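Take a look at these structures.
Each of the next two complexes has chain A plus one other chain: chain B in the first, chain C in the second.
For the complex of A and B:
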């Protein structure tokens, strides 16, 4: 095989597929990028057996062929090269020569026959979404994805598309994040749980293209954006019924400036060490929301924020990291806090009509 | 089935094969099996065959691309695990499995995890595994392999359906050996005796000139033993053991190559520790196997003397050396032969307690020498 590619385009393709490189030492072939030629373009593939990525880039092909090159090394080489045409030549067996301008590298290759075949999956339909809103929603919801393997289904994000609505839900059983938005011109419906890591990678990679389309088969989900195909294995099991977790009414509702609230929480959290709770007290008579935190043998912090509450006085406590996560991914200048009682979950909501719900379990007040 | 099928790989385990085949065809496969049987009984082969039977459209034809990939260990939905720690399964390893269990299979309808040496769980890794082992998703099959039932941690064993394998009878093993390696019956007998009756190891033995050389040297040493003085015995022991180590050196070279290649591939920063640990384990195992082989040859030679003196010459395993054996057997009483055999057993147990192999073999040779000089 002998091909030449513009360095910038090659690097772009390489950084896309390097997301799928495996670092496991049991199967060295998975640390390689499979490169092959097809119809005037260079096809790059990588897989760690959980996700598989394939992308292509325009190239001048002198000799067709295929090979597997060490992924990380190749990416590092191409990144360090000057902006010019890069030539990859695998005419000698067992090694490839990468040249660019005056530099030349000889790199050992792996056998392309050993590389796992790119999964061929059949889907009924592909649903196309604007990648900007897709990426944004993934970013918001992914904060609540569980990292704990004991309940595998929670390490994924539930993606639902129905009647022109895109909804994503994630929960780690301490908090739950739901984001729903209307997307114009979306046809079809699907409901699938996608591994958090995979969908986050897609959101990052797809940001540069306009549309991202997704399809579902029995065992895999497939994403397509630009020239890239991204396949991830699905998670076993079914997502918990999140609807019944979201309280329908509330006793107290507070609308608050998001930036101001965020700053205050950040400050007071300094004294909520070792998972000490952050107390939130609403005083309806004085129109004040008080944040307090106290760590034994260290000290305590207190801050008042002026608010316009509706409802009754209440005092509730949260884990400050989880609260901060919620505030940071909410949208708009103002957010609403809804509280039922100190022992029921509190909710952060967007004030405008876009559907954003961040449900947070309270910490018992000592 | 008249056609070739994967279950043919399994030697002399008809009961087990029928049982598993039945389960696979009727769709009553349990979520977890514990295969118990001596080394070489075909536990791993059976686990692979079960995987073929479940994945293959033809119920395990053994020739389609799916079966081929399973047999060559290339199927993405068949995971074969060996302990990654110095002696036990590491909890990280088990976590990886637990993560994979939660995902849908890649190509097939099931995911199969074959866990070798299931007696090597430590408390931590076993506890991490229990929940998954007890209630995996519907499409998961976990097969644990172990030599004995009692060595497996009870909490693990109790969550599996136990399938017992019997030792492969000598006649069946010999037939397979002769057929697969093209060796003569006598060579096959000697190989089987040197490798403790394990067919796969006997095949390796027949294919390795170095190991056959070691075996011949051991037999030669035993023959000359009564005529040697103390110094000669020590030299002889040293020579045999150094020959037994020759395959270890070969392995070391291969490992160094693999390590260098891995470093080149993954870059200097990536940790190669798991690989090095595996190499270390392989080396230790190989070294131990070399010494065991010397002991097994000695044992089978002495046993031959015993059966010869007991007038059952057709049972002799080292037929190429029958003359010398007959000579010893003519004057040896069964009691003396048993005494000599006991010294081999003693050497085995000493080595298992980490006595230096050299020392144990020397002591054993002196004991045998004494018996051979005065075989009453």
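For the complex of A and C:
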């Protein structure tokens, strides 16, 4: 195989498939990127057996063929090269020569016969979404994805498309984030739980494309955007019934400037070390929301924020990181905080957008 | 006496624990060849010292505490004399206090070998008699014994602990105080010395029953304000609380081994026991801490401690043990003999709990460690420490050894 490709385009393709490289040392072939030629293009593939990525870039093909090159090394080499044509030549057995301008690298290849076949999945339909909305929503709800592998279902994002509506939900059992939006011209419906890591990668990679389409099979989910196909396993099992977790009403509602609240929480949290909780007290008579934090043997912090509360006085405590996560992904200049009671979940909502809900369980004080 | 059915314990339950011939018992523990023989701890028989403690074998000859050593030597020529080793007695005393503090923070030691405990049952409380039995058994496992009095007040508990020594457990149930106290000589009452006894005798008061019947005016005339207090206590009325339970700075436990332990299995198994014990005590007091300390003493008596502070306060064995094992490996190499191992936690923070949204069916996995240890806590609370534990590779030799001897001992 002998091919030439523009350095920028090659790097873009390598960056995309790099997300699928395995770090497992037991299967060295999975640390490689499979490169082959087809119809005037270079096809790059990677897989860690959970995620499989395939992408394509235009190339000048002198000799057709295929090879597997160490993925991270090849990406590092190409990233370091100047902006010029990169040639990959595998005419000598067992190694590839990568040249660009005056630079030349000889890199040992892996056997393409050992590389897993790219999965072929059959889907009834592919649903197309504007990738900007898709990526933004993934970014919002992914804050609440669990990293705890002992509860696999919570390590995913529930994606529901129905009646022209896209909804995503994630929860790690301490907080829950739900985001819903209508998308014009969307036909079809699906409901699937997609591993958080995979869908976050797709959101990042697809951001430069107009559209991202997705489809599901029995145990996999497929994304297509630009020249890239991204296949991930889907998570089996039933997602928690999130609707019944969302309180129907509240005792106290506070509307607050999001930026101001965010800054205050950041400041006061400096004294909420070692998991110490952040206390939020609402004084309706004085129109004051007070944030306090205290760390044993370190000190304490307090800040008052003027607010326009509705309802009753309340005091509740949260993990400050969880609270900050919610504030950072909420939309709009103003957010609403709704509280039922000190031991029930608190809710952050966008005032101008009822389709964002961030539910947060409080911390019980001893 | 307690095999009959009783109604639940009404009112306070105060326990007095008194070690049996403590110093002598420790010497017999450390010198197995002295067991069953008269042992006197104190000054030398040919000197001018006094007897500090005499073993029960020596007491048979009439030897008692505070007796001049020379006199004791005449009474019991075959006695083995031991110089007191207070640091060793302190060590055992601390272990006994650990056992008591496993049960309640309300432990008030009045000397190296005596303490009062408030073990008043809560709403669904465990029968204090069972707690007393358990403490007695746990102490016996250390290789020394104690006598316990259990009653509704300090005075009665103290008298009860003296009533059946050694290894006695005397329970004076609520309401039974007058019947228990009445036949006792007045000198059985703490605070009645020889002078008071003499003065009471002049008015014909010889028993606590007589004293209880004394009217307050006569008591006041005879003995001053102290007299009224004595009368009240002779009636079983004594509201003095058991102090203790002050704010804790640390929770720790340590164990001295009969023979040095040196294999990784043995040492880690002991460390696990200590961690379990400390964690359980923290949970009992609603504490969680960030600073862990592992203490060890090598066979040559050199002592090392290592401390580490973790980010998040912990009170569950599973969160503490891996850190403790790592700390151990920093100061100990398998093969090096250890005579003592200790573990402690300090740096208590506010006990907080992040609540969860999801029901048990989904969240069960993370709550398991806590549910498990809390379940174990309840079982141990009820049936004793040794009924249940984690499967531990390695030996629990020091304990089994003690236990075996306890069982074999003709009581």
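Throughout what follows, the second predicted complex is superposed on the first by the 364 of 366 C-alpha atoms of A that agree within 3 Å, B and C clash if a C-alpha of one lies under 4 Å from a C-alpha of the other, contacts with A are read in each partner's own complex, and residues count from 1 in each chain.
The working rule: a contact is a pair of C-beta atoms (placed from the backbone, for glycine too) under 8 Å apart; a residue touches a chain by one contact, two chains touch by 3 or more.
What you see is a predicted model; the values in this text were computed from it and never measured.
Novice: Evaluate whether chain B and chain C can sit on chain A together after superposition, giving fit or clash.
Specialist: Once both complexes are aligned on chain A, chain B and chain C fit side by side.
Novice: Between chain B and chain C, whom does A:345 touch in the aligned arrangement: first, second, both, or neither?
Specialist: After superposing on A, A:345 lies in contact with chain C but is clear of chain B.
Novice: According to the stated criteria, A:49 is in contact with first (chain B), second (chain C), both, or neither; which is it?
Specialist: first
Novice: Could you look at A:31 and tell me whether it touches chain B, chain C, both or neither (first, second, both, neither)?
Specialist: So A:31 only meets chain B here.
Novice: Contact-wise, after the overlay, does A:116 reach chain B, chain C, both or neither (first, second, both, neither)?
Specialist: first
Novice: Taking the superposition as given, does A:65 touch the first partner, chain B, the second, chain C, both, or neither?
Specialist: neither
Novice: Tell me which partner A:150 touches in the superposition: chain B (first), chain C (second), both or neither.
Specialist: Both: A:150 reaches chain B and chain C.
Novice: What is the contact status of A:130 with respect to chain B (first) and chain C (second): first, second, both, or neither?
Specialist: Neither partner.
Novice: For A:274, select first, second, both or neither according to whether it touches chain B, chain C, the two together, or no partner.
Specialist: The second partner, chain C, only.
Novice: Examine A:176 and indicate which partner it touches, taking first as chain B and second as chain C; both and neither are also allowed.
Specialist: After superposition on chain A, A:176 lies in contact with chain C alone.
Novice: Can you report the least C-alpha distance between chain B and chain C in the superposed arrangement, rounded to whole Å?
Specialist: 8
Novice: Of the residues on chain A, which ones does chain B touch that chain C also touches?
Specialist: 150, 153
Novice: Considering the complex alone, what residue numbers of chain A touch chain C?
Specialist: 148, 150-151, 153-154, 171, 173-176, 240, 245, 274-277, 294-297, 317, 319, 343, 345, 359, 361-366
Novice: Given the complex with chain A, which residues does chain C contribute to the contact?
Specialist: 286, 290, 311-313, 347-358, 362-363, 365-366
Novice: Which part of chain A faces chain B closely enough to touch in the complex?
Specialist: Residues in contact with chain B: 23-26, 28, 31-32, 49-50, 70, 72-73, 76, 108, 110, 114, 116, 119, 149-150, 152-153, 155, 195, 218-220, 233-237.
Novice: Per the contact definition, I'd like the list of chain B residues that touch chain A in the complex.
Specialist: The touching residues are 74, 76, 95-96, 98-107, 131, 137, 139, 261-262, 264-267, 270, 272, 274-275.
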